[in-house]
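Chain lettering (A, B, C and D) follows the sequence in which the chains are written, and residue indices restart at 1 in each chain.
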Amino acid sequence: MLDKNGIAKRIAKEVQDGYYVNLGIGIPTLVANYVRDDIEVEFQSENGVLGMGPFPFEGEEDADIINAGKQTITTLPGASFFDSAMSFSMIRGQHVHLTILGAMEVSEKGDIANWKIPGKMVKGMGGAMDLVASAENIIVAMMHTNKAGESKLLKKCSLPLTGVKCVKKIVTNLAVLEVTGKGFKLLERAPGISVEEIQKATEGKLIVEGTIPEMDI
Amino acid sequence: MINKKVGSVDDALQGVKSGMTFMFGGFGLSGIAENSIAKLVELGINNLTCISNNAGVDDFGLGLLLHQKQIKKMISSYVGENDEFERQMLSGELDVELIPQGTLAERCRAAQAGFPAIYTPAGFGTEVAEGKETREFNGKMYVLEHAFKADFAFVKAWKGDAAGNLIFKGTARNFNPNMCGAATITVAEVEELVPVGTLDPNHIHIPGIFVQRIYQGAKYEKRIEQRTVRQKN
Amino acid sequence: MLDKNGIAKRIAKEVQDGYYVNLGIGIPTLVANYVRDDIEVEFQSENGVLGMGPFPFEGEEDADIINAGKQTITTLPGASFFDSAMSFSMIRGQHVHLTILGAMEVSEKGDIANWKIPGKMVKGMGGAMDLVASAENIIVAMMHTNKAGESKLLKKCSLPLTGVKCVKKIVTNLAVLEVTGKGFKLLERAPGISVEEIQKATEGKLIVEGTIPEMDI
Amino acid sequence: MINKKVGSVDDALQGVKSGMTFMFGGFGLSGIAENSIAKLVELGINNLTCISNNAGVDDFGLGLLLHQKQIKKMISSYVGENDEFERQMLSGELDVELIPQGTLAERCRAAQAGFPAIYTPAGFGTEVAEGKETREFNGKMYVLEHAFKADFAFVKAWKGDAAGNLIFKGTARNFNPNMCGAATITVAEVEELVPVGTLDPNHIHIPGIFVQRIYQGAKYEKRIEQRTVRQKN
């Protein structure tokens, strides 16, 4: 079974040379730590920066330079700042190649719910609805089940949706799955996890074809 | 040169009234109109509709207006990190309309640019699109979203001049430029009001035509919401 | 009867303190020469400049700084450059207070035709259609009649329209007229021109109420 | 940093073919992609649809492509000052679609920003709106205009870097920024290609994400269409 860093590490393998990538809050943020050194990637943050670098050294924080999680950041050579309209032009116009974000639920059709638990948690969708409505390539990073042990890979989402038929791939602590429109196609197992265990943790239709390899991370 | 400079925040806020709709620039606490907000708190006007990506934190930004119950309705994309907000929303005291961040930006820009409405894919198939017109273009579904109307926009820039020209810094830019000219009166406060002619005409982010009043902010706290650092080896 | 400079001089009186003004090619360009010194006005050119100044001195022309007529220009302190989308945001968003442009025909309803003579002249509308569709205050500067002596103030335009019901005021070599929706309301006569002469040169309905003063220019 | 730099105009234009749709930045002869245009003339591809505010003059700018009859259709707002253009148009050799200048800019920006269409008041009640959907918002009529689709956009900037970041100068900016990212491949030529990291991130007009290829132009004629001067007293 993978921990959060393991999930991030596996997702990092999906990042290709020349990609502009938008990372959501939580596990997705960790992906930046594991991207290969020999490829060129730029990170976009929807609050208005392209070419994000690591967090600043202590004492070098600038209140005017933050990411979408409101964390202080730095920029790399070649970076640029822009307004919110232009930022979402990048996203809506599909100039950002890959969006990695967390989810509370994903359906077997690729619907995603990650912004609201009615009556409990209503923080707002931020840029997530724009991202999932526009991105050509969306990878969800999440635990396979919630804290109560219930599957987060469902036939149908029970929570208010963030977007419909948009998720392409899911990386969880148990597996890598492709969303095919007909079900969750199992691509890889986490180290030490059996197909049966994944099946048990998946409420939506799981498609298992042939031998499922163990992840190479 | 048409002079937009006003001498004080009091002059800048002439005409604000209870019941009005305001836009506020800023993302989190970055690039917010600290001086205009402080003055609105002092004026105590209420029943306000506020269009702002976030709602501040409990003791800063729009949180200050919330604390005094000056806000009737918030139109935002993300309102976490604010307990008083959550309390007022869940108790029904505060009306909240949550909309996608890109939609928020573009509904401001539409008002600035004279567009009545836009078609965006964001929110299609979700509760955000409920009751709204949807339409297919080239096989993809879009939601019709209308331009905002506001009485005042309160923005904050890094540098500005008496002609109303503005330059922003870093990610403190965010919604500020998109809100300039999107309200009947745009009030800009700046960290540094420089002499006219010293800003390079090529580097101006917002030409003065979109700004009605400009003033130098007294001081800026520029509070950091999530101070995150790495250690030197 | 006024010449082109006379028309420009009379229109200049319509320009008020604090106005952002867009001047079309031809007579409108001349208006800048006659605006009072004691008011503050900024000229916008739709190709992307606000705060236009006079033409450059010889040897100081810059190919990268021109107006919408493709003429070399200078800028004044407080000027700014911007892209075409932002330029038309200023126009469409009604941030420009006054548009002054020429016309081939104006109808008594305020329709304007100034971009095309089918089969003869097809240069294009440039920014004129955006300007007339959006400006709150549009003044037309033109000769009262064309070279063949035919009225340019018509019941109905015969040429392809640039915009409908948009012209507010017309200043010609003979008169100042307000477009009321019911006809051309005569406001002022050019020096030495009688109401009868204006009536004769006006094909559309001319509204004459009371004594019509002579222009004070 | 994702490297967009190509070594030559030949590399920059890889993939251009007869029958394609191209966007060209520039207003009159100001800010036009001189080097890319010269190469297209040399390549001799034809049957092109060109989206450009103007069509150059007889012996410069897009006039060079017209002269060789490489253009099948022009989508422009103003095409005066070009005798060959007028001849081809009136003889029916050249298909011409004239649209309002602001509509042209915004149809490019819509393509850049992922909007399928916009509602603009420009052209309502005129032949420009014939056959198009019109609609009332708040008592005013608007015309629905669709985003452009183009294979290549050829833009010209003042300064740029290998990351594709662009800064424009003066009114040579015009349509160039709005066309970046509005075509499948955006080719930017710059007067000065500077080392990555030397452009201030606050001053960048177009972030590199909107540009696929960038190269340093060999030389710039920057012809002035209407040289207008005043005399020193």
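Couple of notes before you dig in:
Please note the rule applied: a residue touches a chain if its C-beta (ideal position, glycine included) is under 8 Å from a C-beta of that chain, and two chains touch if they have at least 3 such contacts.
A quick note: this is a predicted structure, and the numbers were derived from the prediction, not measured.
Any chain bridging chain A and chain D, meaning touching each of them, is among B; the list is complete. Remark: among chain pairs B-C and C-D, C-D carries the greater number of C-beta contacts.
If you average the CA atoms of chain B and of chain C, the two centres end up 36 Å from each other.
Note: centroid distance chain C to chain D, computed from Cα atoms, is 28 Å.
In terms of their C-alpha centroids, the spacing between chain B and chain D amounts to 33 Å.
For the pair chain A and chain C, the distance between C-alpha centroids works out to 55 Å. Residues of chain B in contact with at least two other chains: 109, 114-115, 120-121, 168-170, 201-202. Multi-chain contact residues of chain A (touching two or more other chains) are listed as 49, 81-82, 85, 88, 91-92, 134. Pairwise chain contacts in this structure: A-B, A-D, B-C, B-D, C-D. Every residue of chain D that touches chain A in the complex is listed here, in rising order: 1-3, 109, 111-115, 161-163, 165, 181, 196-197, 201-202, 204, 207-210. Those residues of chain D lying in contact with chain C across their complex are 27-31, 53, 76-81, 86, 89-90, 96, 98-106, 108-109, 120-128, 158, 168-178, 205, 222-232. Listed in rising order, the residues of chain B touching chain D in the complex are 114-121, 137-138, 140, 142, 146, 167-170, 201-203.
Of all the residues in chain C, the ones that touch chain D in their complex are 45-49, 54-73, 81-85, 87-88, 91-92, 111, 119, 122-130, 133-134, 160-165. Touching chain B in their complex are the following residues of chain C: 18-20, 40-42, 44, 49-51, 75-82, 85-86, 88-96, 134.
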